[in-house]
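Here you go, one structure.
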């Protein structure tokens, strides 16, 4: 750690990991509810558990992104953070808002929550991923603006590297596109169109800028390759990501009442969406081959290398599999989508946050470069447990999805939804087993933070 | 000195390319105005398109000099596009 | 001789290309919203439909069901449920009303939301309106 | 000199970053062309009938304009290789004027189509015709912006025979815009 103010990243990372654990616990509950429909009913119905699962994911990733920003900005701009105090205040505000919201989901029926938080004044609740009460949404905007003010001021007074400009652009985009969550027209079709301006333009737009800049930062630090080369490729990759991804939004405009030309526009542009991910894989491995030093933090290296590979598989391959309109006609809204969503989110965003945590945490804890060998080995075990079980979750959900599409949509005598769900229960059981292994992997991951031993020396 | 002569000798083929492109375009227009269609006409149009794009890539874009790879990407691309269009038109007939 | 593959050119392409394609996306979106009235039949959005959408939202129905294919995949698609239930609002209302409070042993069950008659009518009207949106022939069959 | 020679053979003319962009753009246009061709094979009559409604003459004139504009850009590159900055800027200006003419004619075409009440949603043929030509139209505008930037810099003597990568970069992009139109014109306006 070169700058004192980088220390504010630490609580953000710790909170991220804590909420991650919560997310996975609820994921396991959901998986069980798929096969034991009355599990925890009516105390925690499926919709509540799912809301907790997805909202925790978003919130902990945001904690991770913010922590990454607070860690990276001082080091890149070569100046202390504008206001470390503000960063800490915002941390507590965001954590309190997040925890209170989750408690609200679990403690009272959703309709009651809507009522007591004044949803009638500005109705924004009850839409997928944007279930947060309106006041929580306002809180998110305030926290985001506070953070943006803080890091923008820091960047203004310091060195402006490409990595930091891309990160800043990504974070600003994140805040700006979130504003569309306040637009909730009475017309469902319009609602859906602009709902995607948050969801798609986040995960297949501005979040990719954040992903790219964190990956570039970690690669510079770990491989010692020339900044010029890494930043050049960063620009090329994110250019490809936005060129394909922005109009690629069209792959969500096939069947929601939008004009039919989107079937062409959406298909054509999302067909090239895997390219930036493929370039990212080539890029990351090339940089590692050209490395000028062997960084002692092998675990962080593993996460950093795993990110592009899993992002390419999850977002690129699994996305492409069902993105073309004629295929999507049959797969839209089935377990295929769930399969893609799981691996894409894990590969692209979970892993990059874990990569920066793995790189930064030892330094934040005052260690020279990396954790002890023992701790790193445990962390690498958790990498493989989580990654491999995620691959299996994805495969089982894909199997469930293919069978579902066949029985419910393509078959000459289509079966009803619930009947099909019974037929594919075996896949859900296997998914649940893989999910439990993922949870074990996560426990191993958390354990790795408590393993001492001789820490690694910084390399020469 | 050397440089100037290369430039001059590069320019002359480009002028010819320009004239060829103009003539071929007028030919395409004539075909269109006569409302012609069918296998032979489509084949001729595709060949002329291939020729035109080929010389734009080689001379205007200057891909003829330099590494073969960059040129081949475009050439292979053009062949694929043109032949696939031909295939699609053929499918449309049968 | 200057460098032949420069960071500044890559940066220009990133900013220029992104802005270009974003503007294009906005142009398409403008065209889409202009064309929308023919497809969403917004003239049929009555007060009941508006209330129905609100009931849909504050009970987090999307947390289990899909609507036009978006949502959770735990319970049936509802974009065409009006048609699946034989073009009957009563069937929808009857189904929602009859959900057991304690669920069904061993099986998935929709919670009992204790909706008022007005709310029930709203949600049924909302689902009826939704089933009439021109969705390019999706879903492939009545099962959703 | 030797160094610049090896560099030239290493990469195509211009900054390599633009070539990544060019290849990506060609890919998008290529998928569009093939989508058009295969969509047509499903519905030959509709495509043939709608095609007759297009203004072939203005399409051909626009082709001639773009080709000539491209040739002017070739002359501009040749000029800067001989260290003639002002001549280079003048050729670029001529190319830009032609690009403006292209845009004018294309706008006229769009307006007459629009006044017939035709839009992206009219039928599959018009969906493709409007999508592809408008997409290309936007590229012409972007190419114009690039050429203007290059011209202004050339005017101020910002390039030389030793260092003119910027001119080549703009030229390469402009030739790509031309290349795409050379395929687009016969495909959409003529082939039946």
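Labels A, B, C and D are assigned to the chains in the order they are written; within every chain, residues are numbered from 1.
The rule is simple: a contact is a pair of C-beta atoms (placed from the backbone, for glycine too) under 8 Å apart; a residue touches a chain by one contact, two chains touch by 3 or more.
Quantities reported herein were computed from a predicted structural model and do not represent experimental measurements.
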item	value
Pair of chains joined by more contacts [C-beta pairs], B-D or A-C	A-C
Chain ID, smallest distance between chain and overall C-alpha centroids	A
Intercentroid distance (Cα basis), subunit B paired with subunit A, Å	46
CA centroid of subunit A to CA centroid of subunit C, Å	23
Cα-centroid distance, subunit B relative to subunit D, in whole angstrom	14
Interchain centroid distance [CA atoms averaged], subunit A/subunit D, Å	39
Shared interface positions of subunit D, touching two or more other chains	10-11, 17, 20-21, 120-121
Of all residues in subunit A, the ones touching two or more other chains	232, 235-236, 239, 243, 259-260, 265
For subunit C, residues that touch 2 or more chains besides their own	5-6, 10, 13, 17, 24, 31, 35
Touching pairs - complete list by chain label	A-C, A-D, B-D, C-D
Subunit A contact footprint on subunit C (complex, rising order)	5-7, 10-11, 13-14, 17-18, 21-22, 24-25, 28-29, 31-33, 35-36, 39-40, 42, 45, 49-50, 53-54, 56-64, 66-77, 101-109, 111-113, 129-130, 133-136, 138-144
Subunit B to subunit D touching residues, read off their complex	3-4, 7, 10-11, 14-15, 17-18, 21-22, 25-26, 28-29, 31-33, 35-37, 42, 45-46, 48-49, 52-53, 56-57, 59-63, 65-67, 70-71, 73-74, 77, 80-82, 84-85, 88-89, 91-93
Subunit B-facing residues of subunit D, complex	8-13, 19, 23, 26, 30, 33-34, 37-38, 40-41, 44, 48, 52, 56-57, 60, 63-64, 67-68, 70-71, 73-75, 78, 81-82, 161, 168, 172, 175-176, 178-179, 182-183, 185-187, 189-192
Subunit D residues within the subunit C interface of the complex	3-4, 7, 10-11, 15-18, 20-21, 119-121, 135, 138, 142, 162-163, 165, 169
Parts of subunit C lying in touch with subunit D, wherever the complex brings them together	1-2, 4-6, 9-10, 12-13, 16-17, 20, 23-24, 31, 35
